[in-house]
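Structure in structure tokens, see below.
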């Protein structure tokens, strides 16, 4: 296991390096930050001065070399917008997004496992049909639409939830709801189909034949067998949370990493883009390693190589 | 149950009839199929069938509410913020929407499958490179990708296809590779290998056919994911740009009117949802119909 | 997994306790919700939306422009006088202190000017207002300072309204997130991503404002901003979209100083004035205004508002005349003007509310008179590359969506930049127009006004360099508990001391 972890860490570090190279060079294809930071009517001389002050007049490869050297000292550079270290921005925003994603994933997984299992118990039954329709609908509504309608209904019309912002647990309800609906819809489908397969497996049939109680059959024997695909898809959904977080954080004014990233992208605040992508990527790599470890716990046949 | 899987070979026309009967058996799938046919027809022929003037802007009739019969049937779903009929816009938008979703799914499906097959079958260095590449793709923010493509290429609908295809590619790649790795170790494959089957034969005869059902299921699920991502990109201003129009763009543009003219973003939202749901329900039906253990649920003479 | 869940639960609880409670019971505390990020509220950026927070609330300027007349009024300067053509002597207010205790004197003014011209500092004001005017301060005594320029500068009292003075303890080379000035409010230190909070200071030299604390929140969606004021989570919502401004009791329109137009590039067929005229005649501006905007929008004849020196009140907006437009185009076609060339209409993503719709509508209007136009939408950085010189070779014919704000009080900012052959965003060179603008720049008083007016008249009659659209309007939603009216300068400066509470007069 120690060997495996070490190897995965090395592989992840290589991927991370590739990612940095890609983000660094591709982001610089999208225009000069001097044009965006300075007003449209700024004279060229002042634009050039700005570019020189921030090193954008250097060849990109030189800029990259300097960036890597700084990175070795864990210096992620400074935000172009106000000179704050980029890492400070990212670290201040990261916990918000992590918490949002954590709650969204926990709730989706819980709902999906219960609903999907019960639906698979009587495939084609009334519950299965209704659960399928609701989960499919949930999985196919644009999340920003849910967010705005949510505010109009629950905050403006019913006045039971705050419109936006952070502060109390109440503030988290709408953003988490916006984030969990789609993964939940997808996961219900996945749980249902893998449970169907699991019920048909010899393993579960044997358990039934041995007279194990039905509830135990569902939640212990079948679920354990069905867990692998569920974890795979849940992992993908969790890794994709950042995209949903951009929307939820933008609308609800949540100071998270999704909002930070989209703002940095729009302003070509390269240091912040790079820091945000890197911290997110590290989180995703850790998540993937965790998922692999879960695999081997659930299924001893999965070998690490 | 075993006798049911041994159905006699059917003549082609009766196979079609049989499929139709099986579809008829599952009412949800039947309605879904009808709806998808309708959407496809709308995309192909709809724009030609629209009455003259349905797409003309009419600033004095902007945000006309839905269900007012006297304005004519194209205004049944109301008019948008430029006074254009929402129904007509939906029909026009269906063409781009389907084109984008289908081509993005196809491109990422094909590219992801090929790379996944290579990684799972060749192992070794090829696999390492591909898997590391997939890791990078997975963590590369699709928003940044969208901006880069939007900025570097001249604006066109194909930009969005490129962004969506690249950002969803890794999902197919990983799934395909996992499946291949599992199938490789099955007895019939190891046996074929021992008998000296060529690589091509191994891949195309033994491995690919076993991988495809999973990937097809994934592709239908991704179909709705792609439509929604496209809409999210529009929300952030990085998606399809006017004058091109998609359902996703209509939802995004209409969101500012949710409190005053809900129909601007409601109908295109309904169109996305219904299409996605139909694709999924139909996919469920196909999975059931092609699974020998499940097929009896759809057959007339089952009992 | 259990400890992780517990940790997150604890973190959530902690987060809910440690967040600032916005709904404080002090009824003099207000919340303002805007679409702006306010990343960098250094006073050197006060000519942008940052001015909403810092100008006159935190840092004060030497003069203050009257909201109605546009005339400079005393603020930190009590008197000013042009002692030589290139030197202005400014008398400073006595007995004023910065909120960090440093005294306000000539040395602090000198330092503020030098900080603004410090090339090591990113400073929007330097590029936006003082790009071509170098100010040189010279201390006369503790409360008198001479400000000199290379050229005679008749507009100095106006420029002085942008000269915000910050504490001498402000770092020279780095922007600060907690600017310190002489204003009635201080900025509370904040972490990255936190909202900006201003707190009233007791030692202010002038009249104490009623507002004791103001929090500036950011929400990107207009629907949310409007909802926040409606349910009482915020007191003022800025930039409310037209379709959300549905309640005449709370939703107030005000001109935001912006003017919109489409600029022609002078390539065939747009190098022919008949085509440019025809394109102006083909636009039904009133239908656009009533359909997409609102009666509060004003049809523009020139790029700045009537209160700006040099505005020509005699110009009339183009009348909607599609037949006349088609006739002109026919004439041009008969003379061999290549009208078949496709003309892109360049619009910018998320430019101003309903901007995209307006572009779509105008494209439709031009297509209706038989022009070969096509809408092309660009991202901000792409658009910026296109609008600024140096232009690429073979600049194609196109119309470019633009918006311009001149909140300075004088036409020169606009005229030189857009209509002079050397201007950075000018598409043409007309010797007569150049002559008028140069003469106006050198003139003063009524002669200056007259020359700029002539330049405007000449440009709109004999050059037709653009399709003028509207003087733009913003909507603000104001809670009934406040007594506040936005005015002409609110879009760049929102003095909290002008905000009163209803029923407390």
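Note that the chains take the letters A, B and C in the order they are written out, and that residue 1 is the start of every chain.
The criterion applied here is as follows: contacts are C-beta pairs under 8 Å (C-beta built on N, C-alpha and C of every residue); 3 or more make two chains touch, one makes a residue touch a chain.
These numbers were taken from a predicted model, which means no experiment stands behind them.
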Centre-most chain, if every chain is reduced to its averaged C-alpha atoms: A
Chain pair with more C-beta contacts, A-B versus B-C: A-B
Chain A-chain C separation of Cα centroids, rounded to whole Å: 38
Averaged-CA centre spacing for the pair chain C and chain B, given as whole angstrom: 45
Chain A and chain B: spacing of chain centres that average the CA atoms, whole Å: 22
Multi-chain contact sites of chain A, meaning residues that touch two or more partners: 30-31, 148, 152, 156, 250, 266
Shared interface positions of chain C, touching two or more other chains: 221, 223, 381-382
Residues of chain B whose C-beta touches two or more other chains: 147, 151, 255, 258-259
Touching residues (chain side chain C, partner chain B) in the complex: 221-223, 226, 241, 243-244, 246, 284, 287-288, 290-292, 347, 349-350, 354, 356-357, 359-361, 363-364, 374-379, 381-382
Chain C partner contacts - residues on chain A that touch it in the complex: 30-32, 35-47, 49-50, 53, 79, 81-84, 88-89, 92-93, 95-96, 98-99, 102-103, 106, 148, 151-152, 155-156, 159, 162-169, 172, 250-253, 255, 260, 263, 266, 268
Of all residues in chain C, those that touch chain A in their complex: 5, 8, 11-12, 15-16, 19-22, 37, 39-40, 42, 47-48, 119-120, 122, 124, 126-128, 131-132, 174-175, 177, 191-194, 217-221, 223-224, 227-228, 230-231, 233, 380-382, 384-385, 387-390, 404, 413, 417, 424-425
Residues of chain B defined as touching chain C within the complex: 56-57, 59-60, 62, 81-83, 147, 150-151, 155, 237-238, 241-243, 253, 255-261
Contact set on chain A toward chain B in their complex: 11-12, 14-15, 18-19, 22-23, 26-27, 29-31, 123-124, 129, 132-133, 136-137, 139-145, 148-149, 152, 156, 182, 186, 189, 193, 196, 200, 232, 236, 239, 242-243, 246-247, 250, 261-262, 265-266, 273, 277, 280-281, 284-285, 288
